[in-house]
Each structure stands twice: as C-alpha cells, then as structure tokens.
Amino acid sequence: MSADVIARTTSTRAPSPRARAAKRMLQRLPALLVIAFVLVVVLYPLLWLVLGSFKTQPEFLSEPFWSLPQQWNFDNYTEAFVEGGLGRYILNSAIATLPSLGIQLIFGLGAAFALEIMVWKGRGTVLLMFLAGIMIPVQMILLPLFTIYFNLHLTGTRWPLIITYVAMGLPLTVFMMATYMRAIPREMFEAAELDGAGVYRQFWYFAVPLVRNAIFTVGLVQFFFIWNDLLVAMTFVQSSELRTIQVGLLNFTGEYGAVSYGPMFAGIAVNVIGTLIIYLFLNQKVMKGLAAGAVKG
Amino acid sequence: MHRTLGDPKAVLVLLGPALLVYTLVMLVPIFWSLGYTVMDGNALRGFEFVGFDNFARFFQDPTAMETLWFTVRYALVLTVLQVVVGYLLALLYVFVLRRSSSLVRTAVFFPVILPTVAVALLFQRMFELAPTVGPVNAVLDFLSLGSIDWLGESGTAFWVIIAMDVWRSMGFYAVLLYAGIVDIPDDVIESARMDGASGLRLVRSIVIPMSLPVLLSAIIFSVNGTLKVFDTVIALTNGGPGTSTTPLTVYMFRASFQYGSYGYGSTIALMLAILCLLVTLFIFRSSRRDLTKG
Amino acid sequence: MSTTRSTRAARRVTPFIALAGAGALALTSCAGGGGSDDSSFSYLGQTQNTAIAGNLEDLGAGACATAEEASPLSTDSVDGTQWDQQMQLLAGQSGLSDISMAAGTPALMNEFIDAGQVVDLSAALEDLGVADRVLPAADSLIKSLYGRDALYALPTELNIEGFWYNEQLLADNGVEPPATWDELVDAAATLDAAGVQPFVASGQDGWPVTRLIGNYIARDLGADALRAVADGDASLTDPEYVAAAQAVSDLGSAGYFGPAAGSIDGPTAENQFLTGGGAFYYMGSWALAAFNDEELNQIGADNIGYLPFPEVEGGAGSVMDVPANVGIPVMLSQAGYDESSEAWLQCIAENYGDVALEERGQVTGFVTESDVEVPELTATVQQTIAEAGTGLLWFEAFFTPEATTVSQTNGGSLATGQISGQEFMELVEAANG
C-alpha cells in the first residue's frame, strides 16, 4: 500500500489553510503523544545504560536509579577492556556469530529452494520436520549434544558453538525462506529453464536474489539471536579464552559474587552501541526491502 | 520444468547440508533425550531403566504442576499482549505515521537487540523498593498508592516479567505485522473507504482479515517462543519467590543439571514439546489454514 | 525482474556470503587450544573466587617453582551459577581438571567420590608425609561435610560465621551485645523502634536467612540435630525443628529485615551494612576482605564487632560450637593424578596457608608458620577458631540439591514473613526425599 494512497484517502476537506493546519495539528496531537510516549519508553533505558557506565560501584548501590554520575571518566571502560578482557569477548562473539550466520543462510537457502521450488516426493514431510524444530526447547538437547561433542574431542574449540547455532537457526531460516520463495511465480523458472539455465543457476541467479528481503530480515533476527544467546554459550564453552560477550558480562564479578556494576555497564554499553550500529545498517536494508517489496516487480 | 527442478542429485546437494546438520545436531539428540525419559540417573551415576515412572512422577509432582500452570498462564498472557501491542503499533505505523514511520519503527525495535542480562538489570532497578526506591514505586508513592515489593511476591513478579518481555519484543512483532499490513493492496483499502468505512470498522472488516496469514504466523511464533521462556526468568527472578515464577524450561534445566536427574528432566522437556505441538495444532485447526500451502 | 538486474544483485550478495564462509573456515581452524593437557597442572575454579587461583599462581612463582617448572599451572574459570552443571558434565566424561574447586553441594560431591573421580587425600597426604599440615578442625569439618572417614578436599579456606554488628549503632541505642536469642529479639525490637534496621541480609540469596535456622537448631537441639535428619532419625517437620524456622519467620513478619528483604542481593546487603544501614549482619569471615577495604567500609573496621550466634535458653547446644565451613574446598581428580600432581600437592600442603595469609589475609585450614601482622578482625577470627568446640555445618549441608534450591529460594520469603516456619519446613522436607 503506497503512502500516496493512504494520504489521499485520509485527507480531510477544510476551507482555510490556517484552520486546516491547526486542525491537522490537533488531530495529530493524540497520535504524537502516543508516539512520544512510545519513544521515551523505548529509548530512556539506553540513556540509563550509558549513564550507568560512568558510575562507580557505591553510586550504583546507594544513589537512586535516575541520578547522574558524579564523574565523567572512562575508568569503567578501561577496566572492562583491560581487566575484564572485553575486547577478547567481543572478538569471540564475532567469531562465533558471523560464520554461524553465513553457513545458516547458505544451508537454509539451499534447503528452502529444494523444498519449495523443486518438485519431488516427500518434500512436504521434510518441511514439516524442519518446522517441528521450532517447538523443541533447547535445554532438551544440551546434554546429548555435550556428550557428542566431548566424544568427538570438540570441546575446548569453537566448533560446538558454531555447529549448534547453525542447527538451531535452521528451522526458522528454512521456514522463512520457503515462505518468501513460495511467492515467486513459477513461470519465471520455466522461462529460465527454456533459456537453458540448469537448476543451480536457477537457484543462485534467480531464486536467491528475489528473496533478498528474507535474507536480510532473517539475517538480522538470527544475528541477534546468536549474539545475545546465553545458554548455549555457557554450556559449550568453558574456557575464558573462547568466552562470548554475553557470558563474559555475567563474569564481571569479583570475589564471592560482588558484581562490578560499573565495568559491567561499560561492557553492556559497548555491546549495545556496537550491535546498534550493525542493526541500523542492516535495518536500513530491511526497510528498503520492505518498501520495495510493496511495489512487486 | 520438471526435468531440472526434479533432479534428485540437485535436491541432495541443495538440501543435504542443512538436513545433515539438522538431523545430527537436533534430531539425534531429541531421540536420545526421548530415550532418557524412560531412564533414571545421570552421566555420573549411570542410568537404569524405569519404564514410565518419570511420567507418573510428573503428574504427581506439585512443583511440576505449578510450573506447568505458570508456563501456560505466562504464554497466554504474553502472546496476547505481544501480538495486540505489536498490531496496534503496526497500525500506528501504517495509518498514522505513513512515510515517516521508518525512524519510529527502528527505535521501537531497538529493545529487541538488547542482551537479557542488561534488560533484567534495568527492570530490577526500575521496580525496586530497597535499598533505593525505583521510579515505579516513586510514582506510586507520589500518587499516594503506597509502594509495592514487586519482585518479592509472585503475583506482582509475574507482571514484571510480562512487562519486561512485552517491552523487549513489541518492536519485533510490530515490524513483523507491519510487513503483513503493508502488503494489503491499495485499491481494496481505497474502495472500502469510498464505501464509507473508516477507523475501527476499516480495521475490523478489511485490515485484519487481509493480514490474517501474517497474524497467524506471528501468533504461532509467539506461542512457541513464550512457552519456552528461560533467559528472562532466570535473569529477573530466578524462578522465585520460591518456585512461583518457575516455567517448565527452568524446572527441566534444574532437574537435569542441578538435581542430577536427567531422566526426569528429559521427561519434563518432552511434556513441554508436546504442549507446544498441541497448541500449534490447535491454532492451525481453528484457523483452518495450512501454513505450508500459504 | 530482468535477468541482468538479478545477476547484479546476485553478484553483490555473493561476495558477502563467500566471505562469511571463508572467514568461518579460516577463523575456526585457529580454534582455541583446549582440552586436557598432560604436561600442565590444570586448575578449574569459579569466576567468583579469585583467591584460590591467585594463591596457586603465587605459589607457582615462589615456593612451588620446581613443581611449576615440571608442570606449569594453567588456570581457567566457569561462572559460579553454572558450577554444578559444568562439574557434572565434565565428571561424566572423566574430564575434570587436575585440581579444581569441589562440587557445590555435598550430595553431588559424594557422587563424584563414589564414582572414583576424586583422590583420597588422607592417603595421599600420608604418603607424601605432609598429613600434619591440615588443621584438625578443618580436617574434621570436611570429613563430616561429606560423611566420609577420609579427606577428599583441601581446606583452602576456613571460615567462621556469626553476627557482625555496628558497634556505634548499638551503643547509640543503649543495646548490649546479646548473649541469648531472646535478648537478640529484644535488641531488634529496641533498634526497630528507634528507626534502625535490626538485621541486614540478602533475601535474594536466601542462605543468609536459612543459616539462622540451622544455627538455632544447633543451639536448641544440639550439634548433631541436622545430621539426625539426614540419617532419617528426625524430620524437619518435627515441632522442635519447625520452631527454629518459625523463630526466623517471626523476625521477618516483624519487619526486622527491612523492606523488600526478598529482593536484596548479596552486594547490596553488604553495602548496606558497611554504610551504616543496619545493625546486625550475619555473615562468614570471608567478608573480612570487604570489612578491611577502606573504600567499601564506610563505618570503619574498628567499628565492627563480632558476636557469636547467641544461645537458645534451655537448649542442648553450646555457644562454643561455631558455625564454620571451608568455603568450597579444592579437590584433585583421580584421572589426572600423576607425579607432577603429587609434587604440587606436597608443595600446596606445605605452603598454601602461609601464602594465603600473607598475600590475601585469608584464613585457611592449613597450618601456617607465618608471623605476618593481621588486621584486628582477622585476629579475632583466628582466635575464635583456636578456641572453638565443634564446627557446625550449615542448614542445607546434608540436603539433596533440590532441597538446597528450595530452601534457598524460599529464604527470602521467610525474611519478609510471607511464609511461616511450618510451611517452609514442609516445602524443604518434601524436596528432600
């Protein structure tokens, strides 16, 4: 639905320009209030996080929630990076997330194409099998997986994380890609075949580009799902060398569980702002895709 | 068409890797875990076959029943709230903000990407009563309504968890449902308006029915996610006070890894999976649509 | 959509995906080296406990240099909340480190011992000729903790527990340090009436509250009362046991733990006490590190007094029995026990006590020969240990892991008076099956 149509169908007929402007502002007031409220509810915590990263430990414990920090140095950040090893955690998260994401998308695209576009007996069953994976609680497979990885001597490496993330993300990825691929008209593939394109060409040069929206949307969602995962990372990686940032944030604790709030918040702030940038970048692509998708061509 | 698109070797090449990883990493452990459900013990003690004892125990265990009830209550309330709030936001984006919705959409989506640890900390501080009074209690005091120990009682703790999850996920559902509403063809809307429909009537008779597929996908996705809540509860209340905010996933995790009864833990997991399946089937049936056929 | 457009799009997407894939292979091939390594002496501990790793490293650099050279120490850590889970997973695959912190719950530790995963230290220390380096008090504590005749863990800490109190607050309100439970309750009433929070405790952690129950039982029914429950000779729901829980619940309903006690976490409670927010703080002597820290302690270390857990009038227990524990001690894995481990074990037995005291002001269960000057509170602790009668273990020491969890997650509700002693005991007893 294009914005123009909506604009046309909701415009009101008012006589004078000034009255029209005033009336429009009044009409929009409740909506603006709602939007302002929503934005505050959503964005204030980011502000609170960043402010918190400048506070010292006693300030956290004794001062009220909304108080401003009493100093504006980067001590907490330094401590987080130097003593807390934040840099290594970020790197580990990246190394665990990006390959998992890439592999997941490629496997998922291939699987979706095979299940949705290609024609063969039993494809419906296999698709349902993937869908069933969405219903499985991950805790159920933790122990068997750990046993498998241990017996394959994979514990202590990054492989358990990557393999697990890929497998866990496949159901949703396959499902979404298949849904988007369903919308592609079959005639296009017929035409491509008549032009002499083999099945792999049809897959890579036709199907994949047409589901760009899905790739970016799924990529966005899965990126954060993996990046923010806590349980799998905690179970399969014990070594502090390979620890991801989420597990690392939990470990900003000193002797006997005294949480160092300052460095922890600094770590969180770095985490959030970093991923925010990635999010904004990917999100732009997704939004453009959604808008373009409205004008299907 | 069927010549190239029916090529079995190509199917294997394209589908194979995904299927292989999925089978080995998810399906095999699932069946393995099913095997555990009729055993008792753990990796250290060893396992012994106990038939259906674990299942009998599940239905007689008051804690299991309490967690089951909590899980269902939580999933129901949260799904409704998530989808409704998400839908309202999506309507806001489409009909009120129109072209300038991109910025707001992005901002509202932002909580989705925050790590659970951070959000839990935030909500704990927001609702706290001691040692310092958090904003929520401060507002209540201001209105002379008296402060509440939000996380200290199970009734109020439930609502704090719900609030946290709605805050975290409404942006996601808003975007998901927005995609569905945006797809409704212009001419349908326009002709409806020319027939005199506007506002609520328009939403009820045109927008909802036409965005139904996406709505249903969102509901199913939400239900499956909320039934398996784990991180949020652990980070915010750790299942407390006592076990009053413990969902099945946390109970299963504790049974397996803290109490050392993998058999029982796997049984709880199976119950949860069955619950997810039943609910999903129920939603399928009541909408009388088959998702795989679009 | 034209073919050229899609090809262009594909060309843009392709490198991205290829890069991700190549990156995957390249980066994962330089995966971190892990797994057990026979040439090193591996230690696994909880992240929250930096003392043991620190002490071991100091030993490696100093007194144990030869052992270090033969088999260098490598330390790693796991978050404490995941500790038992990780231990179980590793033990199940016989993958425990050479030396590690013991399992959190004695019940789990006993499973490890039964499965032959843990070295019998009584025999090992005897063989190495250093059996006399472990303090008898610590030795008997650990043995009774696991219910064994032999030692299966090293006492890397020796802690006593009691009420630390703010001397100033008591003096200002004319309260004498109480000697009996009833006097304690009266003192609390007086303080409460004067607007001072009588007790500071972490309801969220739960155990600071449930400790009080266990100690009350020991004072009222004798030091063996909880062992009797574990052996099946008594039940937690017997009236005399319920009375103990009820005594604590009464404190909670009177509001003596302050507002929202169930939501106060450990660091917050400690901070509250150290900034003068409460009078009595039940805690173990490991908190001395914070008490002696000038930045954290704003009421002054010389303003803190130690009060042994009071008597219960007419009770069978003695006030000379001190609640004590060895923290989470350290065990050696049978699978990794070789010559290098023996060398390290001998060196640890001979020197750990001194290093811990000198470098960290820690009191351990090892014999020390150091004459380093210690802060006043530490000296008080050492003296109390020297004069102590029986060491009392904590309330959940003999419980199943499930009952431990139930007890600790409901401790907060006791502190707010939400549940009665009867309800609490019933919950715990049910989980103790």
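To keep things simple, chains are lettered A, B and C as they appear, and every chain counts its residues starting from 1.
Quick note on the criterion: a contact is a pair of C-beta atoms (placed from the backbone, for glycine too) under 8 Å apart; a residue touches a chain by one contact, two chains touch by 3 or more.
Small disclaimer: the values here were computed from a predicted structure and weren't measured.
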> What is the chain whose Cα centre is as far as it gets from that of chain A?
Replying inline: C
> Of every pair of chains, which is linked by the largest number of C-beta contacts?
Replying inline: A-B
> Distance from the CA centroid of chain B to that of chain C, rounded to the nearest Å?
Replying inline: 36
> Just how far, in Å, is the C-alpha centre of chain B from the one of chain A?
Replying inline: 16
> What whole-Å value do you get for the distance between chain A and chain C if each is reduced to the mean of its CA atoms?
Replying inline: 38
> Where does chain A touch two or more other chains at once, residue-wise?
Replying inline: 61-62, 106, 143, 147, 250
> What parts of chain B, by residue number, touch at least two of the other chains?
Replying inline: 43, 128, 131
> chain C: which residues touch two or more other chains?
Replying inline: 85, 89, 92-93, 268, 271
> Which residues of chain A touch chain B in the complex?
Replying inline: 1-3, 5-10, 28, 31, 34-35, 38-39, 41-43, 45-46, 48-49, 61-66, 106-108, 110-111, 113-115, 117-120, 124, 126-145, 147-148, 163-164, 166-168, 170-171, 174, 179, 182, 186, 189-190, 193, 197-200, 202-203, 221, 224, 227-228, 230-231, 246, 249-250, 268, 271-272, 275-276, 279-280, 283, 287, 290, 293-294
> Hey, which residues of chain B end up touching chain A in the complex?
Replying inline: 1-8, 10-11, 13-15, 17-19, 21-22, 24-30, 32-33, 36, 43, 89, 92, 94-99, 102, 104-119, 122, 125-126, 128, 131-135, 167, 171-172, 178-179, 181-186, 189-190, 193, 221, 224, 228, 230-231, 248-249, 252-253, 256, 262, 265-266, 269-270, 272-273, 276-277, 280, 291-292, 294
>> Touching residues of chain C toward chain A in the complex: what are they?
In response: 1, 3, 6-7, 9-10, 13-14, 17, 19-21, 23-25, 27-28, 31-35, 44, 47-51, 76-82, 85-86, 89, 92-93, 95, 266-268, 270-271, 275, 286-287, 289-290, 295-296
> For chain A, which residues count as touching chain C in their complex?
Replying inline: 57-58, 61-62, 95, 98-103, 105-106, 143, 146-147, 150-151, 153, 155-159, 162, 188, 204-206, 208-210, 212, 215, 234-235, 238-242, 247, 250-251, 253-259, 297
>> If we count contacts the way the header does, which residues on chain B are in touch with chain C in the complex?
In response: 42-45, 62-63, 124, 128-131, 147, 149-153, 238-243, 254-255, 257-260
